[in-house]
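Order of writing sets the labels: A, B and C. Residues in every chain begin at 1.
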C-alpha cells in the first residue's frame, strides 16, 4: 500500500514534468506536483511508523538491478522537506507569467524526483544520477524564474561549486566501491579506520557540504537564492538540503568506521569545519538586506549546525558513547525538521513581501498591520523557531544540542573534550547572532507603520504561512510522540535507543530527567493560561471607557513613520563594525556640495561587504582556469600549419620512443 | 588615577536636610517677589507701574475716583525695578519666592486676604500618586534660566530623588508636564503632542513667569502668553527663574506634601 | 557707531571688500538689517573684526526701494550664511547666489504677512504657522536611517531637534534644527526704555545674563559716549567672571555626565550650586541679574565675604579638575572626539573657548578691552588640538584664571560712585561687546528720535558655535555625540533668541 503511494508520488512528478513542458496553462502540472507532494507526505508518515519493503526497479544499471529503499531517517527528512514544498507548489513561483512558471515547475519536478532518488536509491551509479538530476532541476528552477534579470551568472557559480562537490562524491564512491568491487551501498560498510577512510570522509564532507553550504561553499547560496523566488528557496532549503544531509549522515554513520584514531580525527574535522561555517554563515545572514539572501545564509547556518551535531555524534561514537552518539544524531534530525518547516514559512513570507511591494528588500512596510492575523502568527512562529525561542521546534533542538554538549563532557580524550568545548562556544555565538538575525528579519521586514491600502497578501498565502507556523509549533509540542519513530534507526545505527530516553511523559529530557528538562507541550498549555491575567486586566479596565490612543512619540513632532523607519543597515551596523575583520565592510559616502565644501547639497551612500572566500579562493581559481584556457586556446586556433607542426612533433616523439625502446 | 568613589565619600554628605525643620535651603540672600505695603502707597504716584517691564503692576480704577495698584505676581520677573522706583518704600524687597499656587487668582494681590479657605487638594491626586512623581519637562521657549534651575534639582545639594521625584525621558511614563517658557509658535504643537502622549491622570505645572503669563517676553510675533490658553494648569510657579527650593515646594504642593503658602499675592505669615 | 570704522558701500562692491578684509587677516563678526525709517527699505550692516586693539569695521549697505537683493557673501565668508538667512527671514532681504537659500530663524511653514522686523509689522501679531518639513540635504541610498531626535529630548534639555543621517552607530550627517525657541527678542526691544531693556538683555540667555546685560549696557554707553565710574567697571568684571565660573563648573559636571563619570558629575554640579549660592548671597540673584544698568550698576555690592568664599572654593575646584585630568576613562572619551580644525573654526565663526581650543587666539577681554579688563592681567588659554579634551582644558584653565581675576578685582576694587547718568541717546547708534563664558556677545543698538530703542541686534556665541558644531559630527559615531555636544557647551536660548 505504501509502496503504491511512493510509486504514485513518482508518477505524479514525472507527469507534472511532462505536462509542464507541453501543456500551456501549467495548471495540470501544478495539480500533479501538489498531489505528488500530498502522496509523499502520506507515505512518509506511514513509512515512519510502519516502514516499507525495499523496492526493486525493473531496470538495470551496470549489470546491477536498481534497489530503492527508504529508512527512518530518510522518511523523517523527506517528510519535513515535503510539507513546505507542497505549500510552495500550491502557491508556485512569484513570477506570474505562464511560460516561466511552467519551466519552473518542470525544474521543480526534476529536483523533487532527484531528491527522492537521493533518499532511496541504494547504489552508487543511480545515486549519482539522482544527485545530478536534483542539481540540474535546481538550476532550471532559477533560470526559469527570471525574478532576477541576471540569473545566469549565479546559477553557473552554483553549478560549478556543486560540480566540485559531485566530483568529490564520485571519488568517494569510487574509493568505497573499490573495497568490494560493488556499486551497491550494501557493500560499502567494511572500511577500517585508515587514511583512506579519513579521505573518503573528507570527500563526502566536501561532496555533500557543497550542497549543504559548508565553508567555502555557502558563498553560492546568496547569489543563487537571491536570483530565484521564495518558492525556490523552500525547495532548496527543504527537500534538497535534507536530501544532501541524509546522504552525508548515511555515509558518515554507515559506510565509515566508527572507531579508531582516524575516525576521531574525521569527527573533529566535521565539527571544526561546520562550526566555523555556522558562525560565518550567520554573521553574513545578519547583514543581509534581502529576504532570500538572509534566509539562504541562515539555511547554510542551520545545515552547518546539523553537521556539527552529526560530527559530535561521530566523535562520541569514536569515544564509545553509543547512547550519546544516538542522542546527537537524533538532535541533528530534529534540528533539520524544525528548520525545514520554519524556513519554508519564511520563504513563503518573503514571496508575500515581494507580491506586496515588488521587491525582496528587508525594510519597514507595515506588512503585519495590513495583513491577516494568521499570517503574522505563522511568520512569528517560524521566526521564533529559527531564533531558538521557546516553545518552538528550533528551541527544542537548540536546547538538545547544548544538553548533548554538556553530557558529552564525559568524552574520554582531551582533544575530544576540547573540541566539544570550543564547539559549544561557537554554537553559542551562532545562536546569539541567529536571534539577532531573526529579530531583524521580523522587526524590520514585517513590522512598521505608515502604509495604507488593502491587505497585500492573499488569504491562500497567509493560510500557507499559518499552517507551516503551526507545524513548527506542532513539531515541538508533539515531540514526545514524534521521537519514538527514530528508535529503530537508533538501534540499527548505534545499537542504543536514545530516542526512547529523550522523553519522560510530557517532558523532554536529555537521556535522564536528573540533568534538565523542558516541556513545550506543557508550556503551550501554561502560556495561554498566563495570558488570562492581562486579558482579565483589559476586561476589567473596559468599564472605564474606551482607551485614549496617542500617536507614536517622536520627541514632540509628528513624523511619517515610513520616512524615519530603522533601516536594515542601521540595525546591523554595530556588529558589522565589531566584526569588521570578518566582514571587511566598505562604506562609500559621496557628498555633493553647493559652491563650497561647507554646503552639502546631496549625500550618496553605498556600502558593501567583502565575501571571505570570493577574493581569496574563487577569484584566483577562476583566474587560473582562464590562464590555462588562454594558454591552451592555441589548440583551437584552426591554423593548419600549427596542427601540422603538432603532428610533426608527435611523429618525432614516437620515432624517438621506438628507437629508445629497442 | 583617582578613585572617584573614595573621593566622593571623602567629600561627605552634601545634601541639605531641607525641607525638614531647620534644614538650610541654600537660598540666603536671594531676592524674591517685591512685597507691597498698600498703606505706604501714595495716591497718584505711578513710578512702579512705569518701571514695570512686563506690566505686572498696573494702575486700575477702583469704585471711587482714586486709582489703585493691581499687582499680578504671575507676571513679575523679580527685577526689583519697582522697589528702586518707589519713593515711599511701599514696594519693598523681600526674600519671598515660594509662590507656587494652585489657582492663578492666588497670585493677584488683593487688599483683604481672601477669606475663602486655601484651595484644597483634589483627592484623586493623592490616590493617583501616592508619594512618587515622574516629570516630563518641556522647554517651550525659555531663556534657559529655568532649565538651569531644573538641572540643579538633581545636583547633590537638592537631590530631588530623595523626595521620590524623577524626571523621565518619555512622556509615556510621566505624571506631570512641567513647562517652561512662554510657548513659542514652533514649540506649541510639540508641547500639545507631549501632553497628548501622557497617560491619564496627568497634571501640568507652569514653571517660571514666562510659562505662567508670558512675562517680559510673552506676546510678539513668535511667543504666546504662557500655558493658560493651551492647557489646564494645576500648579503655577512664577519666578524668573524660580529657584530650586521654590520648584521643590511647588512639586510637593502638587503632591499634597506641602501646603500652599501664597494667598492674595503675599506669603501667609 | 562707536569704535567702528564705517563705510557706506554699494551692493556690488561687497564681495571684493569682504575678500580684502579676509586677506588682511580680518574676520566677519555679524551682519544684520535694520529699517532706518518706517516704510523705507532696510539697510544691511556687516560688522567685522580687523586686529587686536583696532576699531571694528562696518560695511553699511542701504538698499533702495526697487532692489531688495544683495550678493551673498556666504561662499567667501561661510559664517555669514546664517546671518544672511536670518536677515532674509526677519527683514525680507534676498541674497543672490546663496548656497543655502532656506529658512533659518523662522521655521518652514511660518508665514508672516510682512517681515517681522519691519516697523509696520504689528508688534503683538502672531505669525500664522503650519508646520512643514525642514530642508535637509538630499539623500541617496536605501540604507540610511533618518533619525530625528527632539525637539523634546530626554532629560531636562532645551528644545531643538537634531536630525541624523544614521546607519547604526555611524553618523553620516548631522543637522541641528534650532530656533524652536525663537521668541522674537530683537523685536521685543523696539520702543523700550534702556533701563528696562537691560532686563530683556538679561533674559536672552539666562545663564549668560551678565555678559548680555554688560554688552547691551556698553552698547548704550557707546552710543551716548558715557563712561561708568571705575568701581562699577571693576564690579562688572567681578560679575562677568563669577558668571564664567558657575557656567564652566556646570560645563564640567555635564561633561562628566556624558562620559558617565558619576561622582565627577555630582561634584561638578555641586560646585556649580555653591557658586550659584555665592552669587545669590552677593547679589540677590543666582544668575547675577538685576544689577547692571547703562551708566554703571543699580546697587553697590558688599564684597567683604567674597574673598573668603573664593578661597574656600578654589582648592576644591583645583583638586576636582586635577582629578578629571588624571581619569583615563574620562580622557579616553574626550581625546580625539569631535575634532574641529582651525580653518573650519575660523571659516564657520567658532567663538569663545571653542575657537581658542582650535588654535585661534582671540579674546575680546584682551583684544578689545572693556570694563576694567585693560587694567587687569588676564591669562587666555589656547589649545591647538581642537578636540573635546582641548575644549574642556580651555574651560578648566579659564576657571583658574577667573578665580585669579576675581581675587585681583577684590584687592584692587576702588571706592566711589557706581553709576553715572547716561547722556542723550536720541538717534544715536552704539556697539557693545563682551566675552561671555561661551564666547563673544555683540549688541548693536539703534535709537529712534525719541530716545527709545529702534533696533537691537544681538550676536550670541551659541548662534556662532551651533553653526560650527555639525562639522565635528559628520562621519563620527553616536557614542561620541553626547560627549561632543557637551564639550561645546551650547545653549539654544542664546542661539534662538
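The working rule: a residue touches a chain if its C-beta (ideal position, glycine included) is under 8 Å from a C-beta of that chain, and two chains touch if they have at least 3 such contacts.
Keep in mind it's a predicted model, so treat the numbers as computed, not measured.
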>> Can you check which chain pair, A-C or A-B, has more C-beta pairs in contact?
In response: A-C
> Taking each chain's centre as the average of its Cα atoms, which chain lies closest to the overall Cα centroid?
Replying inline: C
> Between subunit B and subunit C, what is the gap in Å from one C-alpha centre to the other?
Replying inline: 28
> When the centre of a chain is set as the mean of its C-alpha atoms, what distance in Å lies between subunit A and subunit C?
Replying inline: 63
> Quick one: subunit A and subunit B, Cα centre-to-centre, how many Å?
Replying inline: 67
>> For subunit B, give me the residues that contact two or more of the other chains.
In response: 138, 170-171, 187, 189-190, 194
>> Where in subunit A do residues touch two or more of the other chains?
In response: 555-558
> Which residues of subunit C are in contact with two or more other chains?
Replying inline: 131, 151-152, 159
> Which bits of subunit A are touching subunit C when the two form their complex?
Replying inline: 289, 361, 363, 554-559, 563-574, 576-577, 587, 589, 594-596, 598-607
> Quick one: in the complex, what on subunit C touches subunit A?
Replying inline: 74-75, 78, 81, 97, 99-100, 131, 137-153, 159, 161, 165-170, 172-173, 344, 347-348, 471, 475
> Hey, which residues of subunit B end up touching subunit C in the complex?
Replying inline: 1-2, 4-5, 7-8, 11, 14, 26-31, 51, 53, 77-81, 84, 93, 136-152, 154-158, 167, 169-171, 181-182, 184-190, 194, 216-217, 219-224, 240-241, 243
>> For a test of understanding, state which residues of subunit C touch subunit B in their complex under the given definition.
In response: 107, 110, 112, 116, 121, 123-127, 129, 131, 151-152, 154-159, 179-185, 187-188, 192, 195-196, 199-200, 203-207, 209, 250, 253, 261-264, 266-267, 269-270, 272-274, 276-277, 280-287, 289-290, 298-299, 323, 326-328, 491-494, 496
>> List the residues on subunit A that touch subunit B in their complex, please.
In response: 548, 550-551, 553, 555-558
